[in-house]
Amino acid sequence: MLFDDLKSANADVWRAYTHHAFVEGMADGSLEEASFRHYLVQDYLFLIHFARAYALAIYKSRTLDEMRAGLDGVKAILDVEMGLHVQLCGQWGLTPEDIEGAPESRATLAYTRYVLETGLRGDLLDLHVALSPCVIGYAEIAERIAGPTGRTNDGNPYGIWINEYAGEAYQSLAADARTKLDTLAGGPVSSTRFDDLSRVFSQATRLEADFWQMGLDCAD
Amino acid sequence: MLFDDLKSANADVWRAYTHHAFVEGMADGSLEEASFRHYLVQDYLFLIHFARAYALAIYKSRTLDEMRAGLDGVKAILDVEMGLHVQLCGQWGLTPEDIEGAPESRATLAYTRYVLETGLRGDLLDLHVALSPCVIGYAEIAERIAGPTGRTNDGNPYGIWINEYAGEAYQSLAADARTKLDTLAGGPVSSTRFDDLSRVFSQATRLEADFWQMGLDCAD
Amino acid sequence: MLFDDLKSANADVWRAYTHHAFVEGMADGSLEEASFRHYLVQDYLFLIHFARAYALAIYKSRTLDEMRAGLDGVKAILDVEMGLHVQLCGQWGLTPEDIEGAPESRATLAYTRYVLETGLRGDLLDLHVALSPCVIGYAEIAERIAGPTGRTNDGNPYGIWINEYAGEAYQSLAADARTKLDTLAGGPVSSTRFDDLSRVFSQATRLEADFWQMGLDCAD
Amino acid sequence: MLFDDLKSANADVWRAYTHHAFVEGMADGSLEEASFRHYLVQDYLFLIHFARAYALAIYKSRTLDEMRAGLDGVKAILDVEMGLHVQLCGQWGLTPEDIEGAPESRATLAYTRYVLETGLRGDLLDLHVALSPCVIGYAEIAERIAGPTGRTNDGNPYGIWINEYAGEAYQSLAADARTKLDTLAGGPVSSTRFDDLSRVFSQATRLEADFWQMGLDCAD
């Protein structure tokens, strides 16, 4: 699969992202709450731009099926995930005002604009490769740290997050996203094309690691 | 309202569009069925690109409210209107295969790509001004030819089309679209800006009139 | 070569464009002068949007070499060709005011916006495929109608046009444009990708034929 | 002037950028050479994307004059500044290979993609406002630290940089850029529009300050 090739070609940066200290802190519950709260707020702002990225995917589509897939992405974010996010934030003592009024951190801005600009410069495959470290990476991270039995009752304060992304619904969504990359590629890609996509994948993965770091540091 | 100013500044081209022979033929029922069928098929292809235009509107939005409004537009087309359109086509003896396999006519291509390119070149207001002759013009046309009592039972074969766009739901949608132009403008626009928007409005209106003509001529 | 494959896959529409009555009228000198003048004026407006397309190519580039190639395209049009065009128009009795004040015809608008929107929706290869019927087609047309000895002294009023595009400088530019498509493709393309590119090529070629027809008909 | 209003509305972030420690270190010659070299290399990568931004400005233009202004920007960067930059780097012991092979730092990526994405999302004025902290800010910074008599002979190793941007040619270019913002606005802007532009200006200015910081820290 194209995704596996991209991961292999960027093994170090992928590991730095998927095994980031923020992730390990969620895994063993040692992550500072302030870091998680900071992350949650920025993740809300991030979602807004991810909805814009899926809207761009609709615009860039060449078939009705691709358009409907993009629409599912926008709906999932604007109609469902943002509401859930506000709820989750509430459980951590954050009001809607805390979230909506928060200034966008550098890491949020850098990653989201990189994804969007990559999608505008290139084609639909470029856009989905730029989205893949987030969409597919979260599934991989959560599955690993959930372990074979999940986190449902282990008292880890980050269990909700882990179980959400380790759950069947999200794992299935991520599996679809992997398949989609191959569908969009329409067959093996040339080495020039692979190098271009690998550069996009590498940058996007690095920017995702920066996003964890921003959470850890409560950085603006 | 900005929309009224645009209409006044382009009165001739607006009248040529809203009183086009195709429209008058629907009004008195004299339009050839073949012309209406040709129009219906192209209107389906048109909808696909209009969904792309609303997706572009989501991407270009600056607020969550604007994003949700764009999403409503994409949903309305992809989730509802395209299905209704296939039904309507069925009533006129057209199969889904007739519709989906049809080649895009010049008039469809010209109008849709003009709208999309205008939206990409300019901002969200440019995009909505390019969409307005369609969105708002259909409401104005249908209201006029429906007359004060509507067409429900007059035996006009085009009564379904007329009542659809003269109906409350569509009239309200068009009224919102008029208001939205002023909201997006955020106050009176400079004369340079008005001239630019007026040029967009004029071209888009002319391309809508060409769309009627394409139907009338069953042109490819 | 990719270009040859695209031509073979669209042989009929390619022949309709390259052997259009406007072309044959230039070849034997029988074309009405009014048609040529109408064409010249629209070709000037066309050049403005072609400069925008090359600017888009710079924006979409992934290497400095590609950027410089795009810049050469913009410079050639804005710094050289538009001036030559005004001169040529002058020889046919058209003043700069005639040219700059002319309204854009439907055919000009349809082709230019299709090229630009295709480039924005897809990637740099999509953009160059959309440009290729113009850039490469003109060279093929002129070479054929110039014949082995050229048109320099045969009294054909359209000899200047023919010799310009049959000349070594333009032929070499067109040969580069053919090579560039293969470079951008970076190897054989998948059948899905080829079908997409072929659709773009077919539409762009049809819109070029429409451009000749617009000249022939002095259509607005 | 619009630029002055934007500066006033963002006085703190503007001062943090224009009086950044990197700037003060150039002013008194105390800046570490390694920091300056790091900055020089990233500034080269930055220029590539700035050329793309001016290409985008050509694409977005509505008049030939605007297109020619954008072309001047692309030419200045690709035909002149990048060569000068390689020369300047050479004087600091950096080879062309050092420069071209360097990985893009986070700060370079964040600022350049923010500018480009802002230009694509909005219109030509949004794009130029996003460029203005760089284009106009460098002139303001250099003029201030050059002082009334310039730095020509004071032995400051950064005198070349300071005099370049404090020089008449660059100061005049920056003055034009200020005027251009008002021309593009076409008159007073609405308060909604001003708020949007002010947010763009604020973010772009903050990202410019981050660019200095990246140089200071030799950060990747």
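Each chain gets a letter, A, B, C and D, in the order it is written, and its residues are counted from 1.
The working rule: a residue touches a chain if its C-beta (ideal position, glycine included) is under 8 Å from a C-beta of that chain, and two chains touch if they have at least 3 such contacts.
What you see is a predicted model, and the numbers here were worked out from it, not measured in a lab.
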item: Between A-B and A-D, the pair with more C-beta contacts; value: A-B
item: Whole-Å gap between the CA centroids of chain A and chain C; value: 43
item: Inter-chain centre distance, chain A versus chain D - centres from mean C-alpha coordinates, in Å; value: 32
item: Intercentroid distance (Cα basis), chain B paired with chain A, Å; value: 37
item: Overlap residues in chain D, where contacts from two or more other chains coincide; value: 59, 116, 120-121
item: Touch-based graph of the chains, sorted into line, ring, star, complete or other; value: complete
item: Chain B to chain D touching residues, read off their complex; value: 59-60, 62, 120-123, 126, 185-188, 190-193, 196
item: Residues of chain C that touch chain B when the two form their complex; value: 104, 106, 109-110, 113-114, 116-117, 120-121, 203, 206-207, 210
item: Residues of chain D defined as touching chain C within the complex; value: 48, 51-52, 55-56, 58-59, 61, 64, 67-68, 70-71, 74-75, 78-79, 116
